[in-house]
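Order of writing sets the labels: A, B and C. Residues in every chain begin at 1.
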Amino acid sequence: MPDDVTDAEVEHFHGELDTEAEAGGYHLNPDRAFTRELVRGLLVNRNRYGYIACPCRLAAGRREDDLDIICPCDYRDPDLHDYGTCYCALYVSADIRAGEQKPEPVPERRPPRTERKKIREEREASSAVAPALAYPVWRCRVCGYLCARNAPPEICPICRVPRERFERFM
Amino acid sequence: MPDDVTDAEVEHFHGELDTEAEAGGYHLNPDRAFTRELVRGLLVNRNRYGYIACPCRLAAGRREDDLDIICPCDYRDPDLHDYGTCYCALYVSADIRAGEQKPEPVPERRPPRTERKKIREEREASSAVAPALAYPVWRCRVCGYLCARNAPPEICPICRVPRERFERFM
Amino acid sequence: MPDDVTDAEVEHFHGELDTEAEAGGYHLNPDRAFTRELVRGLLVNRNRYGYIACPCRLAAGRREDDLDIICPCDYRDPDLHDYGTCYCALYVSADIRAGEQKPEPVPERRPPRTERKKIREEREASSAVAPALAYPVWRCRVCGYLCARNAPPEICPICRVPRERFERFM
């Protein structure tokens, strides 16, 4: 029975995700009961599909079509920036974790299927020819770390300074 | 009494800074008595201002005006490169830590207040339009890590190879 | 006797390399007996030359001439990508480690001495003037990490997602 996930497996995977999140400057939702159910959903999806598709979205079941919603999804970081949580609220900002900001509903940012197909084709084409910069590049003023995203990360993954120490670089 | 910082707090924060420094390829000054006084100064400033302003500089007390001197300051890495220590000598190079190089006085690199204001205004303006590259981009020849700084870091924060394995990329 | 390396030293250094490798998203060869002999070779070279020159190549003995073959060598990551192991098979891909792919012989990718000299001279010249991009730049679609390499890394060193989550950025 592929959907059979034990509490021990959920507990173990929760711990792994938490360690990895903190190491990278991310935070899991501190509401443990809520988070456990999402982690269980990830493990159910891993059994079903072979990858941890987002537990709050309908997976197609083909890895290639679901790549953008394998957790952490491509939309986590912009949602964290704009709403303080990801679409599922599995990941939260430091402010939300500390209870200084309330979570709010996060609208679905994932484009519809036909648009995703177009994006993927464009991406494949652009692997050959370098495109115009698709995202702004941010620079950590302390250590020089560079990343390309719509907004800088909550903390610098290299030197741990907060977002406000980043500047637009390209 | 906001300046009241206990030895236990200093000890604890010293440990945290040390772990974080080593994880990122940086080193605290191995002179523990000296370093403890700087760490104490950081905690006093945190109580006073709400952020760990540099203990060797006069903070304005407005976060926005002091952003460049919140420890680690914007000047640490160029000072480490040119002098082997930061302005305070809280952070030191591997050579200084190993006693192979003597620390020397570090001149103040922070621009005067009016110039800082101008830099900040330019930075805010340039968040909209990408400027010409303000720093050279360095590439780790081993793992491909990119960073934008006047000189490459002492070690690659990703794969830990030393500065000499970096090359100019942009 | 400089080549005298104890088993305890080999064991200790093996552990250090392993920890560092895993932290950065790399893997040592799981064949411990084989790997120990390579680690021993690294330590012998450290005693001989003062740096851990590749144990499978002939070192010149001048650091400046051997920089590209100090382990991890400049060729590890492209070899991992193309063959699943580095030239020595000290480092292996996740597939090889898991036994899902067989190692194959890795041809020497290091250019001959005269060509290396030319490359080095060009690199030194290009430290002054930014050259055309020498490598494609890859972007992690999850966290925005950027790196310049012929192919993306096996996993993102920042957020640990696999290679397939990278896209060409520049």
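By our rule, a residue touches a chain if its C-beta (ideal position, glycine included) is under 8 Å from a C-beta of that chain, and two chains touch if they have at least 3 such contacts.
Just so you know, these numbers come straight off a predicted model, no measurement behind them.
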| item | value |
| --- | --- |
| Angle of the C-alpha superposing rotation, chain A to chain C, to the nearest 5 degrees | 120 |
| Chain copies touching (chain B, chain C) - same or different residues, decided at half shared | different |
| Distance from the mean Cα position of chain C to that of chain B, given in whole angstrom | 29 |
| Chain B residues counted as touching two or more neighbouring chains | 133, 137, 146 |
| Residues of chain C defined as touching chain B within the complex | 20, 24, 26, 67-68, 70, 72-74, 76-77, 123, 126-127, 130-131, 133-135, 137-138, 146-149, 153, 157 |
| Interfacial residue positions of chain B with respect to chain C in the complex | 133, 136-137, 139, 141-146, 158-161, 164-165, 167-170 |
